[in-house]
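Right, I'll just put the structure down here and ask away after.
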Amino acid sequence: MPIRFKALSHIYNKDMPYAHKALDHIDLDIREGVITAVIGETGSGKSTLVEHLNALLLPDEGSLEILDYEIKANEKQRFLKPLRKDVGLVFQFSEYQLFEETVLKDVAFGPMNFGYSKEEALKRAAEALKKVKVSEDHFDVSPLELSGGQKRRVAIAGILACDPKIIVLDEPTAGLDPKGSKEIIDLFVSLSRSEGKTLIIVSHDNEMVYNYTDDTVVLSHGKIVYHGPTDELFADKEKLKEFNMLEPQIVTFRNELIEKGFVLSREARTLEQIASEIAKQVKR
Amino acid sequence: MSNLVFGKYIPIDSLMHKLDPRAKLIGLFLMIAAVFVPKSWWIFLLIALLLSIALLLAKIGIRMIVQSFKPMIMMMIFLLVINSLTVRTGDILFTIGTFAVYKDAILNTMFVIVRLLLMISITTLLTATTNPLDLTLGIEWLLTPLKVIHFPAHEVAMMVSIALRFIPTIIEETMRIMNAQKSRGVDFENGKLSEKISAILSLIVPLFSVAFERAYELADAMEARGYVPGAERTRYHVLKFRFLDFLFMFICTAILAVSILSRFYL
Amino acid sequence: MSLIVIRNVSYAYNETRNAVDGVSFDVKKGDYVTIIGHNGSGKSTLAKLIAGLLPIKEGKIIVEGKEVNEENIAEIRTRLGIVFQNPDNQFIGSTVKDDIAFGLENKQVRSQDMDAIIKEYAEKVGLTAFLNYEPQNLSGGQKQRVAIAGILAMKPDIIIFDEATSMLDPKGKKEIKKLMYDLAASGDDITIISITHDIEEVLQSDDCIVLNRGKLFMHDKPEKVFEDAEKLRQIELDVPFIEKVREVFAKRKIRLKANDLEGMVEELCRSGSKH
């Protein structure tokens, strides 16, 4: 069952003179088991959109169906906890959520809130930490003493340990260096591919979006202006221009090659793949 | 939280907004004193009248004043009940069953309530027409004489203005951390005491660690731009008393004088 | 003559490891120098040492002929400004104009002269319409522009950008990079030291310094630094896209010589049509 937004609107400061419609009648089906990027300029409504997915924000109009839950406007929510367990949200600068005395305890905090026993929670925490490659000698250290990149991993483990069915990432790599960013993204991509988890990533990084995501949603002023396969979006120069998007260099390269008459298959997205297809055409 | 009116600055342009913050601070202190002296309803009426003119000049709507009274309603009812139970002088006004309510009880309560309402209106007049930074500058000026006893008036003012500058940032930060913890299953509204404590910890600890990080970085930024605590600096905002400021302070002094005199002659 | 001379500088936060470890290099007046390296390579520590925000315990740094130490630091700071990473944590005033005024107040500029200076530099960074704005109503890029205006208003010879674009959205990044390039090209002889992860920016600079685990790893023209992709890979640093293209085709025995993408596509076309 996909995630389904039905004419969903969200208004900040409703009934106030400075009310602001952040989402405007959003109709959207997000596919299960794939990676979807949500992009758009700052203030376009990306974060507002994803914060509905685990009911941190509730719709003012319309509704949202996700997993077995349905969230309608103006209706009291009864299933907040199970929903938040099933939909894990990793915030921007997520390291700021760390607070426990030790790394292991901090990661176990979520599972314990969701009703796992202490032993079970700690076991899950240890497994999650292994997934994000935090070594065991760090388990008993205060999370506040770790480096920025390490903290981010611990925070992410804190969400993974709750075993969510859907993971939502709000700019997971903001503020990290290129190496740290790549490690985080690789982690999530392999998680999605190996465990079939639905992944929704809010990002400003077009190169990352192009390289790793299956579908893309483009928001502008609270409305959806594009939703479809990522590669189709990036192959369409007109659209990139219309949405004021920077073209990743790999896309420029690919498009220029095609323009000059080379034949590239749709699968040839990475530099490696492009080079191997082009090499055949050059040396024929 | 956003509909809290008391103490909120309304950024518009008016005669009252133009007054020097020091004049407003001094004048309004005098006014508050004036509210506490009299025992005559006539003086209250006079103050209320002048205050209404000032509020009109400040372009503050009656709705905002009424809104700022709202939080006081419970307290007023409480006062009325207590006074009715304890004050047993004057004529009996009416009886509820066998319980008599005396005239003085109602009068006393009315006095206190009127004073309170006038005070709130005066404070609202100040805070609504003076931006927090100017208010800080005004307070710093008032505290300057204390430098004689080595009171760090300037440093305190700098601290207050930075605190004011960071309040919106910290509120934003709080919301973000709350959301992050809610996503980890924290329920800030319901739960047992132990759960409540851990919920609050999960908010406070990160908030503090972020605040400290901010403080260090801010200190670096201030130092890098040549700030040395206690060193001589010039000021971008220079406060200047003008004719209107003196006039305002004179009127306020006159009100206080009238209300003191009223104790003897009315 | 070198404007900044750094000799054998080391700094340690704790006993286990030197955050900066025996670094020496010179910066020429008017140059635009980029410093690259991972998080933890010592870049920011080095910037703080130059700006006198950390005490120099080993080695020495000389700025405009004066050694950075406690006695000279106040004077050196009037010649040097630093733009930090987090736009929020360096906005000191309550409004844009108050923030630009902050440094002027410290420099004891006369009150009556401040408005003109504030206007001049707000215009330089394109924020004239925002003078009365409070920080919460500005974007990250705008906040960084305020920080730059505040520093320019103090007329420094040297500006250090400490990952000034890393927390900004693409639009903000673009704004700030453009400002930096304009400053570098303005002919005001402003020397720029920029700590960055942005390869595109490094390619714009005159000189590039690569740090790794506190040590100076490379110091050369950016083109030269990136020529040795293998060496950069060793320390897990990214290389420009164009070098990656050259590499993947070289693996397939196709040598590309052009220095831009278009040229490379041309080359591929030519060799394609030959067959």
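Note that the chains are named A, B and C in the order they appear, and that numbering of residues resets to 1 at the start of each chain.
We take it that a residue touches a chain if its C-beta (ideal position, glycine included) is under 8 Å from a C-beta of that chain, and two chains touch if they have at least 3 such contacts.
What you see is a predicted model, and the numbers here were worked out from it, not measured in a lab.
Q: Would you identify the shape of the chain contact graph, picking one of line, ring, star, complete or other?
A: Topology of touching chains reads as complete, every chain touching all others.
Q: Could you tell me which pair, B-C or A-B, is linked by more C-beta pairs in contact?
A: By the number of C-beta pairs in contact, the winner is B-C.
Q: Taking each chain's centre as its mean C-alpha position, how far apart are chain A and chain C in Å?
A: Centres of chain A and chain C (C-alpha means) sit 30 Å apart.
Q: How many angstrom lie between the CA centroids of chain B and chain C, rounded to a whole number?
A: 45
Q: Quick one: in the complex, what on chain C touches chain B?
A: Spelled out, the residues of chain C in touch with chain B are 48, 51, 53, 74, 77-78, 81-82, 84, 86, 88-94, 97-98, 101-111, 114, 134-136, 150-151, 154.
Q: Can you list the residues on chain A that touch chain B in the complex?
A: Result: residues 13, 16, 51, 54, 56, 80-81, 84-85, 88-89, 91-94, 96-99, 109-110, 113-114, 144, 158-159, 162 of chain A touch chain B.
Q: Any idea which chain A residues touch chain C in the complex?
A: 41-42, 147-149, 174-180, 204, 206, 246, 249-250, 252-253, 256-257, 260-262, 271-272, 275-276, 278-279, 281-284
Q: For the complex, which residues does chain C have touching chain A?
A: Counting only chain C, the residues touching chain A are 38-40, 85, 139-140, 166-167, 169-172, 197, 236-238, 241, 244-245, 248-249, 251-254, 261-262, 264-265, 268-269, 271-272, 275.
Q: In their shared complex, at which residues does chain B touch chain A?
A: Against chain A, the touching part of chain B is residues 2, 173, 176-177, 179-187, 201-202, 204-206, 209-210.
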